[in-house]
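Two complexes are shown next, each including subunit A; its partner changes from subunit B in the first to subunit C in the second.
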Partner chain A sequence: MIRYLIRRLNLFLATSLILFIVMFIAVSKFPVDRIAALTGVQQPTAQQITRITQDYRLNDGQISQFIAYLQQRLDGDLGLSSTSQNLILDELTAVLPASFELGFFAGLIAVLFGIPLGVLASLSTNKITQHSIMAITLTGYSIPVFWLGLTLSLWFGVQLGWLPISGQINLLYEIDSVTGFLLIDTLLSDSKYALSAFLDALQHIILPAVTLAVLPFTVVVRITRSAMMTIMEETYIKAAEARGLHTSTIVMRHALPNAFIPVLKNLGLMLGAFASYAMVVEVIFSWPGVGAWLVSGIYQRDYTVIQGGILSVALLIIFLSILIEIMHTALNPISRKELYAAN
Partner chain B sequence: MPLLDIRNLTIELDTPHGRVKALERVSLTLNPGEIHGLVGESGSGRTLLAKAILGIPGHNWTVQADRMMWDGQNLMEMSARQRRALMGCEMAMIFQDPMSSLDPAISVGAQLIEAMPENKTISWWKRAADKRINAQQWLHKVGIKNTQKVMSSYAWELSDGECQKVMIAIAVANKPRLLIADEPTNSMELRTQAQIFRLLSKLNQLQNVSILLISHELETLSQWCDRLSVMYSGQIMESGPTADVIAQPYHPYTKALLDNIPDYSNAEHHKTMMHTLPGSAPALQHLPIGCRLGPRCPQAQKHCVNQPSLCHQKDRYFACHFPYHNEPCHDEPLTKS
Partner chain C sequence: MPQIKIYQEDHIPSPASRIWSAFTDNPFAFAGLWAVVSLLLLALFGPFIAPYSPEHQDPHALLLAPSWDPAGTVEHFLGTDDLGRDIFSRLLHGAHLTFGMALGIVITALFLGFIIGSISGMMKGLKSSILSHLLDALLSIPSLLMAILVVAITGPGLSNVFWAVGIALTPQFVRAIHQAVHEELQKEYVTAARLDGANPLQIFWYVILPNISDTMIIQTTLGISAAILDIAALGFLNLGAQAPSPEWGAMVSQGMDNLLTAPWTVTIPGVAILCSVLAINLVGDGLRSALSPIRN
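Right after this comes the complex of A and B.
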């Protein structure tokens, strides 16, 4: 197992290195002054120029420059935002938790509703139920997320007026940032409006989270269904029936743990698509997350923001997909069989 | 009263090529405390019969029967819930492929404990520990020495023989009255085979468990069984007490099976051709008209295009118009218009 973990770590490092190489090459192609592209300093003084040239070894060869670039980035020096002149790292730590919150909430919705519905679709003998669930998931799978987000905010936000359509919380509430996750911060806050602030934050997250959850939800339903269909015909399910176990026990104890394995695998594969959908959703609902921040950086030609955003999002995706793979192996005894190289 | 009495059980399967009769008018009687052997080649519907008795049909099955009496109750009239209640405690089954009959994602011990009966006399918080001890005892009884290790491992970490023993422990833990053993020794070495057969016969003698033993090896079955039923292509060909059937087979198929048993005592038989019936078992989509053995039968005559019905004579059943060593059954006229 340790060997396996080391190999996964190795994969993470190698992929990250390639990412840094790509970023480095891209930076040299940005249509601005190289110093501005690397650090975000717009009008550098002579002193700054000397220091930056020294730090990034701009007078040396490409490889030496890349090593200096890598050192700076790994030190956590992502430069300044050229529009706001704040440290990129500070801006990033401010926006990342909001994205995590949204993504986690959407994922939770997708799994909590998707798996039971998938099980229901696989167990139901009624053709109408089966086909309608499949039709709904196929529709959900093929709806473009920007259209869905706009339509939902038009219906529930504007026409019905049930839910707020932009931002993370009403501006009236002043919440101190402790963890960065607003739903937790509002609960931790000792303000007397803490509870109403929490409810307000909850209302704000519903529309973007539902919009973002549609794609993973449909995938989870379809994969759970197909996995359950095959597993319910397996011999060990028949054997469990022959033991006289109740159907619900069989589904909960024997079928679901086995069906969850392919679902987890597909969630890992979907991370990239999920992240790009999250960006679109953040822009639509003005969610103060990394996606909206990155998109505004792109509009403003803020090259350091673009670098920082891409770097953080890509590193996160690499890390999470490797984490999911490790979880997949840990949860799934069958894949460990391959690890031990037993037939 | 027989423990299990099946009359004219027919199972039809819905396949992409239409509906086929995988099992046709099968009758089987099983007395309490006997070991009943069911012999037939693969594809003859033995597993189907076993699953139909137990009540775990596949999704494309249509099961019909005149009656399926279990200890005086008709299984056909029971609801799925009632039959599920019978499974495990009254009837249990050992499956053909032990490795795939155990859930790969849960340890063997957890599945074993799941099957243990609940001891209602002790307080509920002690029951889990009690089940665990019980499970270990059963594992020990079926001949696994390293119980702790086996219980904590997964099915694919064990050998086929160990898995089969675990399955047997699961099946017998609730002390069923009928144990259906579907090829329990398939793909196992001889020593384990003998162990498992000894175990089954011990269960039969000590706990009075009736056993329906399914196999394709007539030789092994004849050693352990009280009664034999021979199946071919989804129909019962012959049935009767083992000694009688072996000594004097009525049906040409039984005779062919007996001839297939190699005889090592005779030196002359060295390197001679083995006796086999010509051809191979028909596919379910292309069954012959009349007697299903007809085209391969050495005794076949013109009359064999009519399907023979199972005929009862002195504790023996056979389905043949022209049986060996016996008069034809006169239940039906030989000349049918």
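Right after this comes the complex of A and C.
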């Protein structure tokens, strides 16, 4: 197991290094002054120029420059935003929690509704139920997320007026940022409106989270269904049936834990697409997360924001997908066995 | 020499015709195939049958409702947008931008992925893992982020979408083909061919390639639907096709200003994207289930 973990760590480091190389090359191709592209300082004084040239070793060769770039970035120095002149790191810590909140909620909705529906689809012998569940998932898989978001906000937000369609919370509430996660912050806050602020924030998250949940939901349903259909044919399920166990016990105790393994694997594979969808959803619902921040960064040609955003999001995705892979191996005895067999 | 039927047996269908009959047994998949074929024809010949040019502005018919609405006219079948442009014509002109470009991107990505994936799949050890993991970093950058990076370097435009989506798709093809080749290499019939003295190139071309073609077909259908959604999303965010272009995603974003007064300017291009992606996914699903008895 240790050896496996070291190999995964190696993979993480190697992939991150390639990512940094790609970013370094991209930065040198940005159509602005190199100093502005690296640090975001628009009109540097002579003093700043000397310091930046020294920090990034701009007079040395490419490899030395890359090492200096890597050092700066790993020190947490992502430069200044060229439009707001704030530190990128501060802006990033302000927007990341909102994205996590949205992603977590969407994932929760997808898993909570997807797994039962997938089990239902696999167990039902009724052709109509099966076909309609598959039709719903296929449609959900094919729907363009920006159009779905617009339609939902037009319907539930404007015509029915049930749910708010933009932002994270009503601007009337003033909530101090403690953890950065608004739903937790509203509960922690000691103002007398804390509860109503929490409910308001909860209302705001429903539409974006549902829009974002559609893609993982359909994937979860399909994978759960196909996994359950293979598992229910296995001999150990027949043995459990022969012992006279109730179907619900068989599903809950014997089948579902095994069906969860491929679901986990596919959730890991889906992270990239999920992040793309999340960015679009954030733009549509004006969700103050990293996606909306990045898209506004590209509209304003804010090259340091683009760099910082892409680096952090891509590193997060690499990290999370490797983490999910490790969890998958830890949970799945069969892949552990392969692990020992492989060289 | 006259062919004489010695045996009274039934005709034994070839694998291809067996897949075809399994595929046509599924009515949904077959309907999807028809839809895809007609989309292809529209992408090729759409501009010729469109009643108006995509930029033609009719000042007397601004924000006209679709023809089934009492306010609509049949001259503008799907209504017009805020500049009086005929939505039906724009959809037809946009088909080759959205659907045709998705096809182009997938073919390019398939070609590159096939070369890299099969080389890395046939090799063993460190070289193979370097080649296959080299693109993992790219795989981890979501297609939209990749597009933002490309747009940051070159500026927005339809040709940059080609690069952005292509770069984001290629690693998926590399990975799928690498895994398929790698899995086939472990099987006994490959060992048998090797014992017969086949060299690696012969093993790849005659032994492995016919057995990974189903993976490639499935990956291609998945790739096309992902590419359409990506192109449309980029058009919607104004990072891909720019304002007057009739690309379907860009049409949705152009209709956004009139979402409340004229929802059809957003709904109709959205439904067009949904239907084309749905048709491709239906074909992909049908192919997968038609191919699966052979694969297992």
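The rule is short, and it goes like this: the second predicted complex is superposed on the first by the 341 of 343 C-alpha atoms of A that agree within 3 Å, B and C clash if a C-alpha of one lies under 4 Å from a C-alpha of the other, contacts with A are read in each partner's own complex, and residues count from 1 in each chain.
To be clear about the criterion, contacts are C-beta pairs under 8 Å (C-beta built on N, C-alpha and C of every residue); 3 or more make two chains touch, one makes a residue touch a chain.
Because the structure is a prediction, the values reported are computed rather than measured.
Look at A:Glu174: by the touch rule set out above, it reaches neither subunit B nor subunit C. Once the two complexes are overlaid on the shared chain, A:Ala239 sits against subunit B while remaining clear of subunit C. Contacts of A:Asp90 after superposition on the shared chain: neither subunit B nor subunit C is touched.
When the shared chain is aligned, subunit C comes close enough to touch A:Trp147, but subunit B does not. In the superposed model, A:His254 lies in contact with subunit B only, and not with subunit C.
Once chain A of one complex is fitted onto chain A of the other, the partner contacts of A:Ile334 are limited to subunit B, with no touch recorded for subunit C.
The partner that reaches more residues of subunit A, of the two candidates subunit B and subunit C, is C.
Within the superposed three-chain model, A:Asp33 lies out of touch with both subunit B and subunit C [touch as defined at top]. Those residues of subunit A lying in contact with subunit C across their complex are 11, 14-16, 18-19, 22, 26, 29-31, 138-139, 141-147, 150-151, 154, 158, 271-273, 275-276, 279-280, 283, 294-295, 298-299, 301, 303, 306, 309-310, 313-314, 317-318, 321.
Looking at the complex, you find that subunit A touches subunit B at residues 233-236, 238-247, 253-254, 257-258, 261, 332-334, 337, 342. Considering their complex, residues 133-134, 136-145, 148-149, 151-153, 155, 225-226, 229-230, 232-233, 236-239, 249, 252, 256, 259-260, 263, 266-267, 269-270, 273-274, 277-278, 280-282, 285 of subunit C touch subunit A.
Across the interface of their complex, subunit A is touched by residues 51, 54, 56, 58-59, 84-89, 92-93, 95, 97, 100-106, 111, 114-115, 154, 156-157, 167, 170, 174 of subunit B.
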